[in-house]
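One structure coming up, written as structure tokens, with questions to follow.
Think of it as A, B, C and D in the order they're written, each chain with its own count starting at 1.
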Amino acid sequence: MTQPRDFGFDADITLLRDTARQLLRDRLPTDALHRLVAAEHDPHRPPACNWDPQLWQQIVDLGWTTVAVPEDTGGAGMPLVALAALAEEAGRAALPSPFLATAAATLVLRQCQSQAARELLHEIAAGRTATLAITPRSGAWETHACDLQLDDGRLHGSAWYVQDAAKAEVLIAKAAHPDGLALVAVPVTTKGVELVPDAIVDLTRDQAHVHFDAVPAGSAQLLAPPGTGAAALEAAWPAVLTLVAADICGAGEWLLQTTAEYARTREQFDRPIGFFQAVKHPLVNLMIQLDQARSLTYHAACAHDCEPEQAGKFARMAKAAAAEVAAFGANRAIQLHGGMGFTWECAVHLYTKRQKHNQLLYGDAMYQRARLAELLLA
Amino acid sequence: MTQPRDFGFDADITLLRDTARQLLRDRLPTDALHRLVAAEHDPHRPPACNWDPQLWQQIVDLGWTTVAVPEDTGGAGMPLVALAALAEEAGRAALPSPFLATAAATLVLRQCQSQAARELLHEIAAGRTATLAITPRSGAWETHACDLQLDDGRLHGSAWYVQDAAKAEVLIAKAAHPDGLALVAVPVTTKGVELVPDAIVDLTRDQAHVHFDAVPAGSAQLLAPPGTGAAALEAAWPAVLTLVAADICGAGEWLLQTTAEYARTREQFDRPIGFFQAVKHPLVNLMIQLDQARSLTYHAACAHDCEPEQAGKFARMAKAAAAEVAAFGANRAIQLHGGMGFTWECAVHLYTKRQKHNQLLYGDAMYQRARLAELLLA
Amino acid sequence: MRLPQSAIELMHREQLEYLRDWQRQAYEAGLVGCDYPQASGGGGRSHCQRIANQEMQRAGRPFLPNILGLGMAAPTLQIHGNDFQRETLLPRLFSCADIWCQGFSEPGAGSDLANVQTRAERHGDGWRITGHKVWTSLAHFADWMILLARTDRERKYQGMTYFVVPISANLDETVRVRPLIKITGETGFNEVFFDGLEIPDHYRVGEIGQGWEVAQTTLLHERGGGPMVTPSSGHGGTPERALGDAYALLDLARRTPRGAGTAADDPVLRDRIMQLIIRQEGSKQGARRARVPALCDHPMRLALQPKLVMSEIRQDVCALAMEIQGAAASLSIGDAHAPDGGEWTLGYLNSYGVTIAAGSNEIQRNILGERVLGLAKSK
Amino acid sequence: MRLPQSAIELMHREQLEYLRDWQRQAYEAGLVGCDYPQASGGGGRSHCQRIANQEMQRAGRPFLPNILGLGMAAPTLQIHGNDFQRETLLPRLFSCADIWCQGFSEPGAGSDLANVQTRAERHGDGWRITGHKVWTSLAHFADWMILLARTDRERKYQGMTYFVVPISANLDETVRVRPLIKITGETGFNEVFFDGLEIPDHYRVGEIGQGWEVAQTTLLHERGGGPMVTPSSGHGGTPERALGDAYALLDLARRTPRGAGTAADDPVLRDRIMQLIIRQEGSKQGARRARVPALCDHPMRLALQPKLVMSEIRQDVCALAMEIQGAAASLSIGDAHAPDGGEWTLGYLNSYGVTIAAGSNEIQRNILGERVLGLAKSK
């Protein structure tokens, strides 16, 4: 199967994307975002989860959570490129929300064959939020790495680096079992679940680690029975990486445009600083790298739908390119804003911190390239 | 033992260096060099060895070949930093000569305990030229890699990538033997030695591979008996790498200064192009990288004499830094010379090609860093 | 016969004749110029050239030698030319009956292209051309040149006019071509001296004083961003992968011994190869995205990138190939033991032709920063 | 009590008092200011400060808090100051009785420092200061400031004069200090507003209109290239290795799990760590070479590099540390599980203070290109 020339980005998706962009521009302009997430600046502040549940409800009403849910489970069943376009807008607005976490959960659930998974997909389409609880304390991104055991119908252990955990209603927990990995749906309010918020650098997200103390995991919660969890995660993984890449591209574009605007207006030596090639050329390099990451992201999204056997390869490329540009763009945006860029009041730091988080989430560029090399040199 | 603050670079060495620089400036200005090595431009030209033996005789008369020979074998026994300073001047002039090859041979001979080695050191101090024949066809730089066998007093096999072979009178051949590696002195005119010139890109060097067909290797030629060759080579190797780094620093400085001069005088848009930060900043970056490589080179040279147990580490650093700047400087010099830089008549290409050769000789930056990591993380 | 990697590396007439014959056959088969009107000798179709290119590339064909004509002269004449230029010159350009070259750069007008000093002076009903062009690829074979000349010394940008001028017909009379030697030792580009070449007025392209505007059409196509798709059939490398293609490094690394295995086992080299493959794939997908308006924020943003980006990728690919080869990269194309015939090292040296020519990459970055990001002009 | 990594990260008076006590003791032991004349409160020796610094650093001491005074004010006052400034102010500066800050940057005078607008107007026998300074580290603790002010609006470079001005004595009267918050969330630098602060004429440093020349002495020392060696005793990291030191990445990598082993087993990470160690060692050896005249081609060439080079190395070291840590780098200094207490990520964010401040690194590159390579001024 080959890809459509236009990445499958049709008029419906364009409308969805443009509506999303307008909504976030209206409801969460940068100054509002700063008030929402950056009111407290003390680096020793306690962990916080700053977001706007009303805005999230509007997003649910607009159908974002239905986009990736198949039609036979109550969703819109749109191509992945549609979800990527929304992730890009979320990144552009540095939106604090459970969108990315829930979307990642959705993509994993789509790879599970169970009735439990189908039911949860229905609930997600209706607005329930979810997040993946799949990472061990070491932070290893490999599928097999796991600090959680499923034993006699109960979960024991912990999951770390759970994204936007305080905004999620259901955990999709990866658990080791003698027959192989399982995936289990665990409502966060379940007895025995202890969610410990992390203090993190990124102000537009929350994160937690979760302790499971003999948490019941009955068959109705088994999204993927023991032995099938790894395959489901691995099939979904290219799509998950693609969404993170899309978030990076959106946030990166904000950094590019905001810094370019500063370079057009800030004057030194009686000229706008964009006159100087030490400002102009890094911005052009950033634009070029962003465009490559963005094109690769659409390509990976399209591959997920149209040539899934290639999706792993292209998703690694997209996340690798995006991780590099996340770091480079954050770096140049601060530097080229000069003293202003080093202040809390200038919103650049919000995006910089989101990008550093994005850069490392699910593996940085080096990590992705090592996996890509395994695929290309196999 | 700690290093002297001034890298041991005393007044005698300063005089030696300054005399060398003046000699090469007078006897081999860039236009003379171009006439000497670049008269024939056809890329399919046969292998050639273009050099100035009269100039070499002057160099010998000035004592360059005695610098690294110990006093008890007829030399001046100066610190390695003196030899490095001469290598730097040779690089600055892109000097075609057997200097680097003979110096490398000298450094290896100093690590051999045999009477044969002492005699050859005497001859080198008197002006005999030599080169190392130690690399297998694969181009592997590891000490153990060898395509030449010592068997029953005769050499069979081949050595590749022999530097400045057509200018050398004696080969220092590395040969495998059941008891371990040996080093053997083989005059190039020995029966059974077939020296096949390579066609190479660098116009300021020659290179050859050498076939050995039952070449006699009597005990009088045994520089390092079987089982002792590897240790001699490895003890000398930091110093050999340091010299290549020094050559790079000299040639790199020529590229920097020549390109800076072009940027001061070439006008576009009614300004000298050095006004533009797209020209200025890369030149500054080149200067900074060159200075780091050069400082590391003196440091490595000084370590060779004063703290030999550290010399391997610092020589890897010097060659790694130098290899990077060899590539970067060659690249920017061509690019910033614009169309002129792309022509045969502009001498930049002579230095560019020498630098690309230097970059890869005895292992590029990645290779050196991998070895360094082994030392630092052991 | 060794075929060079691209038209600007053409040295020998024997190479040219072989390739000229291929372009003529491709033209006769309808694969060259198919998007141009039939009156211009084209196929009268639309959106076909890209498909023709893909088919020719898939079939591993060599490149079309009249690349400067196809990529720059043809779209400029089609958009700005008169009937003579379109109807008489273009068919011969497509069929490769005439070879074309470009006369823009001068010793004092490189990055500062608008500083051209070659003069076109009124002479009877026509013009007389006097001046000195440089870095003129294919001039030694060329029948025609597109020429930017000064018609008014008082004005910089409004003082230039665009012409087509006959080269081979006046060779060694009022036109002299002096080959320049490249850093590789190859010939292939030239200086061209005009000593009062006389041409009629219908060789003028566009209005007097509008040469800079006409040249923008040429330059836009040269950078890969123009409305007309350039006919392009392949390259000089293996049929599978062009030399200089990042994916070809995979195969090179697999074939090259390193340590106990091959260079493909070295994780650091693997990482660097992946970096280049990702950049190249990103650029390729960018060219695809450039044709999806909903995914382009600015009409020129992706259009102006290909020349800049691909030339640097190619340079970096060749440089990395040399690191993969190690000691063997010292060997030149004349050496029997040079891996891949020494083409990677040669390709590395030739890569500067593209990063410098056609507006150096420094100028390309200015253009992107100014036209797309709206930053103040750096000049 | 957590000690910050450097003086510009000082937030709390408790931190300050601890460090001030240390500086006073070091001064009393003859380790601070030993190269200054005894009349200025110094030790009256020469070439001793570097040795004192090495000894203090080897002993793993914390940093000296009055760094802006020691590194910038002291050499400037010693070279350009009057008796009052040298004999009264310097001893108190060395002993840390007075804390100093620097008042150069303004909202409209960052990279373009010569554009300062803060006015100093004649007022009786003295001066009256009115204006607005920014990015003023330590101003919230400072007793004195070195100030660059405009005394002539008609002339840019010749229109500035250099002063020392009392801050704490006039706080909330004619001087107002407003803390700015850094991207880390920490305070530590400030805006300072002058609303007619009156000072006597003997607070002027150098001649009227010579402020730019006097400031060059300050800036040269700030970049690490001045004739006076700055007293410096250490840093806030472990006694062994400063956080931000490239060698510390070795240990971090060894402690950090990755795949089946540790990050120190990953060849690509190893390669990147080696790159940074090599740059850092190259810079360190460059500082050594700067003191060997026979190995320096140009007197300013090595002297002007340290601030530029070390600030970028430190930034890259911290960024790589975050890649080594992977997911755990998301944790901030407030988190109990953050590796090394989250100092690497904090250090990354704080590193921009140095690449931007004291003449952004873009300006540093201009200075090197113009002063050392003789290239045309970019402004």
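FYI, a contact is a pair of C-beta atoms (placed from the backbone, for glycine too) under 8 Å apart; a residue touches a chain by one contact, two chains touch by 3 or more.
Small disclaimer: the values here were computed from a predicted structure and weren't measured.
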Greatest centre-to-centre gap (Cα means) from chain B is with chain A
Between B-D and C-D, more C-beta pairs in contact link B-D
Expressed in whole Å, how far the mean CA point of chain C lies from that of chain D is 51
When centres are defined as mean Cα positions, the distance from chain A to chain D in whole Å is 39
Where chain C touches two or more other chains simultaneously, the residues are 266-268, 271, 362, 365-366, 378
So chain A residues touching two or more other chains come to 276-279, 281, 366, 369-370
Chain C contacts chain D in the complex at 266-268, 271
In the complex, the residues of chain C that touch chain B are 105, 108, 110-112, 115, 134-135, 180-186, 257-259, 266, 268-269, 272, 315, 319, 322-323, 325-335, 337-338, 345-346, 348-349, 352-353, 355-357, 360-362, 365-366, 378-379
As the complex stands, chain A meets chain B at residues 276-278, 281
So, in the complex, the side of chain D touching chain B is made of residues 250, 253-254, 264, 267, 270-271, 273-275, 277-279, 281-283, 285-286, 288-289, 291-292, 294-295, 297, 301-302, 305, 308-309, 362, 365-366, 368-370, 372-378
Per the touch rule, the chain B residues reaching chain C in their complex are 41-47, 135, 138-142, 160-161, 198-202, 207, 209, 267-269, 273, 276, 278-279, 327, 331, 334-335, 338-339, 341-346, 348-349, 352, 356-357, 360-361, 363-364, 366-367, 369-370
